[in-house]
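We call the chains A, B, C, D, E and F, going by the order they appear; numbering starts again at 1 in every chain.
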Amino acid sequence: MKPVKRIEIVIEEIELENVIDELDRIGVVGYTIVPRAGGRGERGVRYENLQGLGNVQLTIACSETQSIKVIEAIRPILKRYGGVCLVSDAMWVIHDS
Amino acid sequence: MLSLSSMLIPAVLFFALGFLAQLIRSDLKFPADLSKALSIYLLVGIGLHGGIELAKVDPAGAIGAVVAALGLGFGLPVIAYFILSWGIRIDRLNAAAIAAHYGSVSAGTFITAIAFLDSIQVPYESYPVIMLAIMESPAIIIGLVLANLARKEQGNGHEKRVSSELVHDAFTNGSVVLLLGGMLIGAIAQPTGLSKILPFYDTMFMGVLSLFLLNMGMEASRRIGDFGKVGPSLLLFGIAMPLGGAAIGLVVGHWGLGFGVGGTMLVAVLAASASYIAVPPAMRLAIPEASPALFLTLSLGITFPFNVIVGIPLYFAAAQWLIR
Amino acid sequence: MLSLSSMLIPAVLFFALGFLAQLIRSDLKFPADLSKALSIYLLVGIGLHGGIELAKVDPAGAIGAVVAALGLGFGLPVIAYFILSWGIRIDRLNAAAIAAHYGSVSAGTFITAIAFLDSIQVPYESYPVIMLAIMESPAIIIGLVLANLARKEQGNGHEKRVSSELVHDAFTNGSVVLLLGGMLIGAIAQPTGLSKILPFYDTMFMGVLSLFLLNMGMEASRRIGDFGKVGPSLLLFGIAMPLGGAAIGLVVGHWGLGFGVGGTMLVAVLAASASYIAVPPAMRLAIPEASPALFLTLSLGITFPFNVIVGIPLYFAAAQWLIR
Amino acid sequence: MLSLSSMLIPAVLFFALGFLAQLIRSDLKFPADLSKALSIYLLVGIGLHGGIELAKVDPAGAIGAVVAALGLGFGLPVIAYFILSWGIRIDRLNAAAIAAHYGSVSAGTFITAIAFLDSIQVPYESYPVIMLAIMESPAIIIGLVLANLARKEQGNGHEKRVSSELVHDAFTNGSVVLLLGGMLIGAIAQPTGLSKILPFYDTMFMGVLSLFLLNMGMEASRRIGDFGKVGPSLLLFGIAMPLGGAAIGLVVGHWGLGFGVGGTMLVAVLAASASYIAVPPAMRLAIPEASPALFLTLSLGITFPFNVIVGIPLYFAAAQWLIR
Amino acid sequence: MKPVKRIEIVIEEIELENVIDELDRIGVVGYTIVPRAGGRGERGVRYENLQGLGNVQLTIACSETQSIKVIEAIRPILKRYGGVCLVSDAMWVIHDS
Amino acid sequence: MKPVKRIEIVIEEIELENVIDELDRIGVVGYTIVPRAGGRGERGVRYENLQGLGNVQLTIACSETQSIKVIEAIRPILKRYGGVCLVSDAMWVIHDS
C-alpha cells in the first residue's frame, strides 16, 4: 500500500466537463464519478433534475504533489461556481497490474 | 367560459395535480430519468409532426417564419433586459440571465397550447414548429453578450468571450438537435416506414404530455419556496413579460406572417413563454454570478404556470378578437 | 379449468416469467425507475378509467362503497392483528406492522383482477375503484394505534403519537394522490381533450401491466430467501388471511353492496390483497422495531403471488357460486 | 436505389441522428435506464410476435432452424477466431473475446432488419426469431474455450474452467430469458388476454425501436475515439466479417432452410451481426485480459453501423438475387 | 485549507427528511446526498426499490464542534432505524466565495 | 465512537457479485454500495451503460484485522479486472442497537 491523497469534489453536473479538462491539463488520469448527487450549501438546495442542475461527486486518488496541482486548478472553479473540495489521507492498495 | 373549459383540458389538470401534490407535501416521487425520457419523446414527436406537415407546404412560406423567429429570438431578450435593469433595477448579470430565459421558448408550453387547440378543434399553421426550434438558441447568445457588457462596465475581469465554444453549445443543445432532427426525419423519411413509427408518436403524444405536465407541476410548485428571494417586482415581471411578449407575438403572427387564429396564437405563445429546460444550465455556466433561485423561479415557478393556466386561453381569445 | 385458463392470461404469465428469471438467477436487471414509472402510469390510468365510469353512474350509489371501504379498511387490520398476536403469538409490534399491510390494498393485484375479468369478458361495477383509493390509508393509522398500545403495555417510551403529521402522510401518500387525482380528472376533464389522452392510457394499459408484473415477479421471488425467518405459521397466515379477507369481501360485495359477479369478486380481491408498495415504507417509519423481512416477505412474497395465481380465479368462482 | 430508400427508413435515420448528435458533441443525454427499458420492451415484443407466429406454423419445421442456429452459433466464432489469430495475428485472448461477439447476434440489428422488411412490405418466415434466441449463448462458451486453450499455450495459470457457473450465466442471460419467455407467452397465452396486451407491443414497437436506435447511434459514435487503438486491419475485419457471415447465412437460409427472400435475408443478418449487449459483459468477466476498447469498438462502433446502414439492404439484394 | 470533520452517514431513503430536519435544527447548512445506494448490515440487504427502502449516503463537512452536535442528533436515529455514521478528518479547500 | 478502517473500493458493476462472495467468505457483514458510478483509469473511461460496464463504489467499515483480510481478498480481483481500493482511518459512531 502506498500513501496517497484522497480528493473529494462536489460540483454541478454541468461543470464536470470543465473539471475533467483541467485534470487532463495537469495530467491526472484516474478519477471516479458518482452522478445524480444532490445536496445543500451556500447556493441553496440542489437535486438531480431535468435541467441537469444536480451535483456530481468526484473522487481522485493521487500523489501529494499532484494533489496540490488539482487543488490549484479546482479552486477558481469552486470560487466561480461553488461546491466543495475535501482532501484527506488514504492508503492505496497496490495491485501492480 | 373559454378560460374555464381550457382549465379543464387534461394537460392543465395534470399540471394542477402535480402542483397540488407538491403543495400538500405528498411523498409522490417522479424519477428524474422519467421526465428526461418524456421530454425526449415530446421533442422528437413534435419535431416529427412538424416535419411531416412542413413537407406538405410551400417551403418558401417558411422563410417568413424563420426571419420572424430570429427577430423575436434576438429582440425579446434585449427588451426583457432593459425592463429588468432600468425598470426593475436588478443587477445587470441577473438581468442578462433572466432576459435569456424570456427570449428563448418553452416547448412544454408550446405543446400544451397545441393540446388546447386540438381539444377545441381549431386548426393551426405548421410553421410555428420551425420557429420553436429556431428560437431556442439566439437568446442564449444575447444573454452572454449582455452579461459581458455588464462585466465590462463593472470592470471585473471575468469576461467570458462569446467563444465559438459557447455558440456551439447554444446551437447543439439537446432540445434543438431532437427538434430539428425530428423535423428532418419527418420531412424526408420513407412513407411506409414512417407510417410504422407514427402510431407511437401519435397515439401516445397527449398522454405522455399529461405525465410530463404532472411532473412539471411538481417542479413549478417546488419553486414557491423561493418567491421571497424573488420579490414582488420581479414576480410581477414574470406575469407582465409574457403578456407583453404575447402582444408582440400576436402582431408578428397576424400582420407579420398572416397566420390564422391558431397559428397567430402559437406565435404569441412562443413569444410569451420562457425556457426552463435548455436555458437554465446554459446561463448557469455562462453567468455563474446570476442566481438560479431568480431565473428558475421566474420561468418555471411563475411564467410557465401563468401561461399554461391563464395565458394560453387568453392569447387564443386575443387572436380570435384580432382575426374576427 | 377456469383456474388453468386464468393461469394463462398474459398478466399471470409475465409474473411467472419474472419469478422464474430470478429463481434461475438470471442476470436480468429491471431498473427501479422503470417500475416506478410503470406504477405511476398504472395508478393514473386506473384512476382515469374509474373516474370516467363514475361520472356516468349515480353518485349516491358511491356512498355505500365508501362506507364499505372504510369499514374494511379499519376492520381488517384489527382482525389480522388479533390473529397474529393471540393466534400466532408473534410480538405485538410486528403484528401491528403486518396487520397494516393486510388492512390496506394492492393496486397491482386489483388491476390484475381487472385484466382477468377483461380476458374472460365479465363486466364489473365502477365503484370498487373508489374503494381501492379509500382503502390505502386507514390501515396505516390502525397499524400505528395498535403499535402504540403495544408499546404502552411494554412500557417502553417510544410511543410515536398518531401525530397530525402521520395522518397527513397516510392520506397524501403518492399512490392515493395519483388514484384520486386520476379519478377526478377522468370525471371532470373536457371530453375532446380526454379523448386525446385516453389512447395512451387505454391502448397500452394491459401491456404496461405485463411489464410491471414481470418486475413484481422478480421482486416476489427475491423474498424467498427470507421464508426461513418468517416461519411456517406466518407463511400459513399469508395464505389464510387473504382467504378470510376474500370471504368477508364476498359478503360485503354481494349482500352489502349488491354488486354483480365482477364487482363482488373485485371487493373480495381488495379485502384479500395486502399492500406491498405504500404501506411498507409507512410501517418502516412508524414501527422501526418491526422487521421488513417479515411484512415484505408476507405481502410481496406470499400473499401477492397467491392472489395473482390462485386467489383471483378462486374468488371469481366463489362470486359466481354466490350469485348463481 | 434500394439502398437509398433503406437509408431513409426512420430506424436508420434515428440511428444516424444519434450518431450525428454525438459527433457534433451535443449535450443531448439519453438516460441509461431508458435504453435498458427500451431493450427490455423490444426483446419481450420480438419474442411475443415470434411466439404468436410460431404457434401457427409446423413445430417440426423449427427443428431445422434450431440446428442451423446451433451450427452458426458454434461455427462462426471458430472461423472468426482463426481469422483473427492467424490472419490478423492479434493475441489469442483478444481474438477469443472478439470471436465470441461475432458468433453471437445483435437483436437490435435483427429488429432493424425486420423494420426494413416491413417498410418495403416483404414477408418473412417466423423461424429466424428462434434462431435469434438460440444464437445468443453458444458463442460465449466457445469464446471461453478458445481463451482457455490460449492460456494453456501461454502456460499462465489463469485458466477459468468452463464451469457450470459460466454455462449457467450464458444460458440464463437476461436477453435470452426475455426472448424465450416472450416467445413462450406468445405461444401459450389465452387469446383474449393476449389481444389486450398486443396493442402495447404492436402499436409502439417501431416507434420504440426508433428511440433505441437514436441512443445506439450515440453509443456507436462514442466508440470512434478508440479507432486508433483498434487499427486498420481490425477495422477492416469489422466490415469483412459481417460480409463473410452474411454469405454463410444466405447459404444456410436459402439452401439449408429453404427460406424465402425475407427469411433468408434475416438468417444472413443473424450471421452478420455481432453482439454488443449480452456478450461484452460476459467476455469482460471471462477474459479480463481482453480489451473492451477492441471488442466494443468493433461490434458497436463498426459492425453495427455497417449492418444497419449498408449491410441490411445489401443482404436483402443478395437474397433477392439468390432467389430470383 | 482549513481542517474539518468529514461525517459520512448511510441511512434509509425514507429517513432522510428527518435527518435533514435535525441538521436544520442544529444549524448545519451544507451536506451532499448520494441517493439510490444499497448495502448490507445487521438489518439485512437493502437496495433501491419501488418502496423506497434503499439507502442514501449523506456526507457532511463541518467544524469539530458542529460534528459533535451532528453525531448526538444522529445517534438516536441510527439506534432506532439502523445505518452507519463514520467520522474522519479532512482539509477543506477554501474558495472564499 | 470506535476506530475503524474505512475501505473504499471502485470496481466494475459485473464484478460486484464476486466481491460480495469474497466478503461473505471472510465474514464481513456490512458494506454500502453506490451503483451507477463512472470514472477513468488505466483501462480508459467507464460510465453506466446498457452493457453494465459501469462502476460501483463499495464502502466497508471494519476492524483493522478484518481490513487486512478484505485487502488480501480484493487484491487479486483488482489485479485481474482493475479498479482501486483506498483504505483510511475513521471513527464509527456506535449506536449499540
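Everything below uses one rule, namely that a residue touches a chain if its C-beta (ideal position, glycine included) is under 8 Å from a C-beta of that chain, and two chains touch if they have at least 3 such contacts.
Predicted model, so just to flag it, every value in this text is computed and none were measured.
With contact taken as defined at the outset, chain C and chain F are each touched by D, E. Taking the mean of C-alpha positions as each chain's centre, the chain lying farthest from the centre of chain B is F.
With rounding to the nearest 5, the Cα superposition of chain A on chain F corresponds to a rotation angle of 120 degrees.
The greatest centre-to-centre distance from chain E, using averaged C-alpha positions, is reached by D.
Distance from the chain D centre to the chain F centre is 34 Å, each centre being the mean of its Cα atoms.
Note on chain placement: the centre of chain B and the centre of chain E lie 38 Å apart, centres being C-alpha means. Across the assembly, chain D contributes residues 27, 29, 33, 36-37, 203-204, 281 that each touch 2 or more other chains.
Those residues of chain F in touch with two or more other chains are numbered 34, 36, 48, 52, 82, 88.
Within the complex formed with chain E, the chain A residues making contact are 8, 10, 34, 36-42, 47-48, 55, 57, 71, 74-76, 78-80, 82, 84-88.
Every residue of chain E that touches chain A in the complex is listed here, in rising order: 1, 4, 6, 29-36, 59, 61, 88-93, 95-97. On the chain C side of its complex with chain D, the touching residues are 5, 8-11, 13-14, 17, 20-21, 24-31, 33-34, 37, 115, 118-121, 203-211, 214.
Those residues of chain F lying in contact with chain D across their complex are 12, 14-15, 36, 43-44, 48-54, 80-82.
Across the interface of their complex, chain D is touched by residues 33, 36-37, 40-41, 44, 168-169, 172-174, 177-178, 181, 184-185, 188-190, 192-194, 196-201, 203-204, 281 of chain B.
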